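Paired with subunit B in one complex and with subunit C in the other, subunit A is shared by the two complexes that follow.
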Partner chain A sequence: MALTTPPAPPDRPAVPGGETAPVRPVPGWRRSLRPYLLIVPALLLTGGILYPFGLGLYYTLFDFAASKPRPDLVGVENYRRILSQSSFWESARVTVLYAVGAAAVETVLGVSVALLLHRASRVGRVLEKILILPLMIAPVIAAIMWKLMLQPSVGVVNHLLEPVGLGGVQWTDTPAGALLSSIAVDVWVYTPFVAVLALAGLRSLPVSPFEAAAVDGAGWWFTFRRLTLPMLWPYVLVAVIFRFMDSLKVFDIIYALTEGGPGDSTVVLQIRAYLEAIRFQRYSFGISYMIVLWAVVYLVTMVLVRYLGRIQNRAAEVPK
Partner chain B sequence: MDRHGHDRRRLFALGAAAAASAAPLLSACGAGFGGDTTGGGGSAADEVTGAFDWKRAEGKTVRALLNKHPYTDALIADLKAFTEKTGIKVEYDVFPEDNYFDKLTVDLSSGRASYDVFMLGAYMVWQYGPPGWLEDLGPWMRNSSATGAEWDQADFYPNLLQAGQWSLKAGAPLGQGGQYALPWGWETNVVAYNTEVFKKLGLKPAESFDELRELAGTITRRAPGAGFDGMYGVAVRGSRSWATIHPGFMTMYARNGLKDFTVEDGKVKPAMNSPRAIAFTGDWAEMVRKGGPPSWTSYTWYQCSGDLGAKKAGMLFDADTAAYFQAVKGASPASGKIAFHPGPKGPGGSLATNMWIWSLGMNARSRSKPAAWLFLQWATGKDHLLRGAVQDNHIDPVRRSVSEAAAYRDKMGAIPGFIETFEAVVDQTRIQFTPQEQFFDATTSWASALQEIYGGKNPSSVLNGLAGDLASKIG
Partner chain C sequence: MAADGALIVYFVFALFPVVWMVILSLKPTNELFSTYFSFTPTLDAYRTVLGAGDDRGVPFPRFFVNSLIVSVGAVALSLVIGLPAAYAAARWRFRGSENLMFTLLSFRFAPELTVIIPLFVLYQKLGLFDTYVGMVWVLQLVTLPLIVWIMRSYFSDLSPELEQAALLDGYTRKQAFFRVVLPLVKPGIAAVSLLAFIFAWNNFVFPLILTSSNAQTVTVGALSFLGGDRPKYNLTAAAALISAVPPLLLALTIQRYLVRGLSFGAVKS
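Moving on to the complex of A and B:
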């Protein structure tokens, strides 16, 4: 096949009639303005994020509520009250329990599923498609669906468990049961997310180390522990960060499933903030809850992201 | 050179400048906490003069926010008549009850006038009234230029009209001060029961709370063996919501002469931890454990009503409408086999009953107040309410003339015990709660406490904790 040099692009745009338009030099002021214009969308976006955030922070310094539309400046009193309430610490405990439990189970299950699906097969390809179905359902819908399925008398779960003598479980009527049921729904919805990320990671791993290990006669467990997991870890960590952050901010699944009950046993920080700000109309107090939650999520995420950076550097063998 | 330190200093300076420039921006952009709520002093009703005229606001549009409910269906079915009578167009949004009050609350608190009129309950007056979001309808009612003679205020049951009147002071009784909502539809809380299972087991409706607890347990134990698979005794609400407290629980609580709060020297003090209240609450939780629905802590009125209709519950202690919608012909497997009873009496034969009232209110910021008032007048008027009661399911009339109408009595007479029960409790049905702004916090916490007691915690310690918590918020 003969190689031909492609024609050089015209330096002047063609105009109707076959003539070329005269080149007009870009004025200097436009050239120097261009970089600033390019950052305008980013500035607007940043402003769109910072303005409500700043407004929220500003409100937390007052005792603004429906019953007090002309509020007094109270400084950090809202934060002091929140941190001195036992209900806040109970909500924080439940929030962390939920986030750690959901993220841990989803990670283990997600990676396991990804390992199973990694082997190319027709069944695997079908299962991949089925696997992502829960991700296509809004979490609140999933929670309502599970609420119906977990109904002790008419729900399908107890019906299926009846033959093995476990048919009468009151899934959400006890504090532990309500928390575990909420975590289970979260796991059902989001395990596919972890599995998809892990599967993508598995498929991007280099083949040669595995071939070398096979030639050396390494077993499955050795290969998994010494090769697969270390190389997959950055991908898994990305999934863990996303899931942990999201689980700390959970609202929809728990609210639709238990409304925070029984008692206060599943009132996570988001639900408490919602009740304060919307239901009880103590706006400043509700926003203060959200700011505290934001600070917690921010700090936790910062630590995890730094750890992820170190792991990624190590994986890429970037010298420090 | 410490490049990072230099960058941090520049970033800090930028942040400080942004914060300094944001301060005036915040105040300019309405960070002034909801805007003006002083409301002036005069009422827009005073501007309406001359002879009363239904066509006064012809060509205007009224925007309504409505909750999904059979009463709403009856209203929408008749809107054409309103437009023909007044020349006013009605635009409306309907939301399911789970979201309705959040939508209304957010809308009113935003200070916008998205809706001119809306549905609300008496409890919402306690929340929406003090911030100045509700129009005082008293001046409109008293102005004969704005209100036609046929509206006939005296025709309303007085306790229903009083439910929307309040002085906006925590602990002050209802029936004084401004009229912030008009009675439109309401519900009494009584017992509905499955006549089939009662007949088969040889049971009679309970006349006392002790009998009700016994009866609930008996049905749960014996009904499945008598051919009613999975049937339990009594359906009552149990979700962690204010709505759990106000129907059966508050009715029985009030019939026992118990109070949610006491008012001493103008201070509102929690009273749900009095020794008798603690004993009653413990008994209620025990009744639910022995004869209530499985998964009670998630039960709303939808589940309670559905269980009665599906023959899963032998009794329902809730709004009469919740049972009525299952009792009408063809509505459910139990239709034709549901009867009504006033429910257990308290000591001394008390039939004190808590009510839920669907009222209609006007946005204080409405820009079409004369048209909105004509709409409220029509929707709470005799013609529409009689039509809704007879042709649709707008039962439990707020007007005496409707409850006495032959067509209404013919229709409701087909449901065993409905009219007799209604007449037995109507005069003793009123708001049994103490009016105060923190109603929703108090009752949500109360429902949470009830769940904890149901779960086995000591009623005394739970209710003392609740009272202590509420005392610091209310008073």
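Moving on to the complex of A and C:
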């Protein structure tokens, strides 16, 4: 449970080889340099990614595009244009709808599945083994699979719904349907993620409070509200943070399922950036979109991770 | 009983698409649109997808091999670079260590397109576009943070006294690491490598934009069966299934370790 808490004790080697080790004395400068040496390759690699990131930031200050071989320095003009465009705010709205919708459904469904599996009937134990299956299929492949199933006239979903009179639904061809369908694919892929984390959490909870509650004759709902949920919350929160952050930057599911359509109804921010930068070759403009999304994701992550840290610390204080 | 019923409903939802893909992939082309549950199963779709006889000219077997090469490459490189970093981060707290770790984790949350467009420009200049080296390099973004974060939590779980004892026995630091520490975390390394492989294999955005034909991977390749005015659903289904087989097989073998991996060590299993 160490997403934020530093693992090792203070500013000296937590292991010997340092002050107390009697054998093979190592000069002090080499000792203090050792962690840096070990981490240098990772540092270089980080730099190798930070460089294109910096380069991208730099590009956003120009009007760099395929149609414009000699880009002019335009300063923050790209960002100003983005924030004043209604299409940006529309994309932002769709993105938030998608992320909140997907994360919420996945959380409720995932925790429910975990609770059911935790009751450990024989059926549950068999099913548990295949729980992670959808999670291991690439999201783009999952979207392809669902696309085949959701075809209006030949897809199996409508075929199965025909008996209840819902045969001809245009799943991905109406704005609301397209958004709902893509959220459904996200839910299909990622609900197991929440379920697996919640199940791990459930299994690590102390037993005694539950025994005490049972002795006191507490009902299921009371136990769930007052014991299970509060104690499970740090685990669920890890899952929620991961899911919310990931769905804010959804790309592959929408790209394969709706390509942003019909119209602009499922053009989330990453899709918009893709269209701008790759398809219309307005490079600077597209990257600016991404930088805006990145900044938002970064800020939200920081806030959520800090909240998670507080929750985890509080959870650590509860005697087990 | 009701609980089992609810579970079964969820699992039907979770498994049906896979079952349906199997059915679809076994349908002969002329029966794709007609009947639903009655048909003569055939392996033609698999033959077409895996063989050379594809009328769309999608070299799927090649994409499959490409996926293998770049995923293994990315994992191998990430292990070489990530293990020392993870060990250092677990055993010492030094200036910038937490910042570096957080930077690595932030890759996990950064929208891929942020770096991909500059990388696209750079790759064109450096000749890395559509190459294995280029793909391995960029898939680090996916595999390295995973390996560093999880291995750090494995290393932190080991008592430092193990190394202390080894040093007292006359081992050097290096020997202590290779002969004492590493063997103990071997299961962790195996699990995290397989998980990193799955993540690399499943990635879509990087190959979509940074490859065209030579180094293209299955995730992008499977999508190309959907194009055209009369999409062949059986071919698409077969391609989707084939590209899902390696991650599924690996996932079943490392199931025990998945929780820690999926949550980047934030939840221990």
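For this structure, a couple of remarks:
To be clear about the criterion, the second predicted complex is superposed on the first by the 279 of 320 C-alpha atoms of A that agree within 3 Å, B and C clash if a C-alpha of one lies under 4 Å from a C-alpha of the other, contacts with A are read in each partner's own complex, and residues count from 1 in each chain.
Note that in this section a residue touches a chain if its C-beta (ideal position, glycine included) is under 8 Å from a C-beta of that chain, and two chains touch if they have at least 3 such contacts.
These figures come from a predicted structure and were not determined experimentally.
Of the two partner chains, neither subunit B nor subunit C is touched by A:Ala103.
When both complexes are overlaid on chain A, the residue A:Pro71 reaches subunit B alone and has no touch with subunit C. Of the two partner chains placed by the overlay, only subunit B lies in contact with A:Phe280; subunit C stays clear of it. The partner of subunit A that touches more of its residues, comparing subunit B with subunit C, is C. Judged by the touch definition given at the top, the superposed model places A:Ala92 against neither subunit B nor subunit C. Contact with both subunit B and subunit C is seen for A:Lys147 once the two complexes are overlaid on the shared chain.
Applying the stated contact rule after C-alpha superposition, one finds that A:Phe251 touches subunit C and leaves subunit B untouched. In the superposed pair of complexes, A:Tyr59 makes contact with subunit B and with subunit C alike. By the touch criterion defined above, A:Asp173 reaches subunit B but does not reach subunit C.
Subunit A residues in contact with subunit B (one complex) as well as with subunit C (other complex) are 50, 55, 59, 147, 154, 278. Listing the residues of subunit B that touch subunit A in their complex gives 18-19, 22, 26, 29, 31, 33-34, 37, 102, 105-106, 109, 127-128, 130-132, 230, 239-241, 293-298, 312, 437-438, 440-441, 444, 447-449, 451-452, 454-455, 457.
Residues 3-4, 6-8, 10-11, 13-15, 17-18, 20-21, 24, 32-33, 36, 80-82, 84-85, 87-94, 97-98, 100, 103-104, 106-107, 109-115, 117-119, 121-122, 137, 140-141, 144, 148, 152-153, 156, 160, 163-164, 167-168, 170, 172-173, 176, 198, 201-205, 208-209, 219, 222-223, 226, 233, 236-237, 240, 243-244, 247-248, 250-252, 255, 258-259, 262-269 of subunit C are the ones that touch subunit A when the two sit in their complex. Subunit A contributes residues 50-51, 54-55, 58-59, 62, 64, 66-67, 69-71, 147, 150-154, 170-175, 178, 258-264, 275, 278-281 to its touches with subunit B in the complex. Considering their complex, residues 1-3, 6-11, 13-17, 20-24, 26, 32, 34-36, 38-39, 41-43, 45-46, 48-50, 52-53, 55-56, 59, 109, 112-113, 116-117, 119, 121, 123-124, 127, 129-142, 144-149, 154, 156, 159, 188, 191-193, 196-197, 200-201, 204, 235, 238-239, 242, 245-246, 249, 251-252, 255-256, 269-270, 273-274, 277-278, 283, 286-287, 290-291, 293-294, 297-298, 301 of subunit A touch subunit C.
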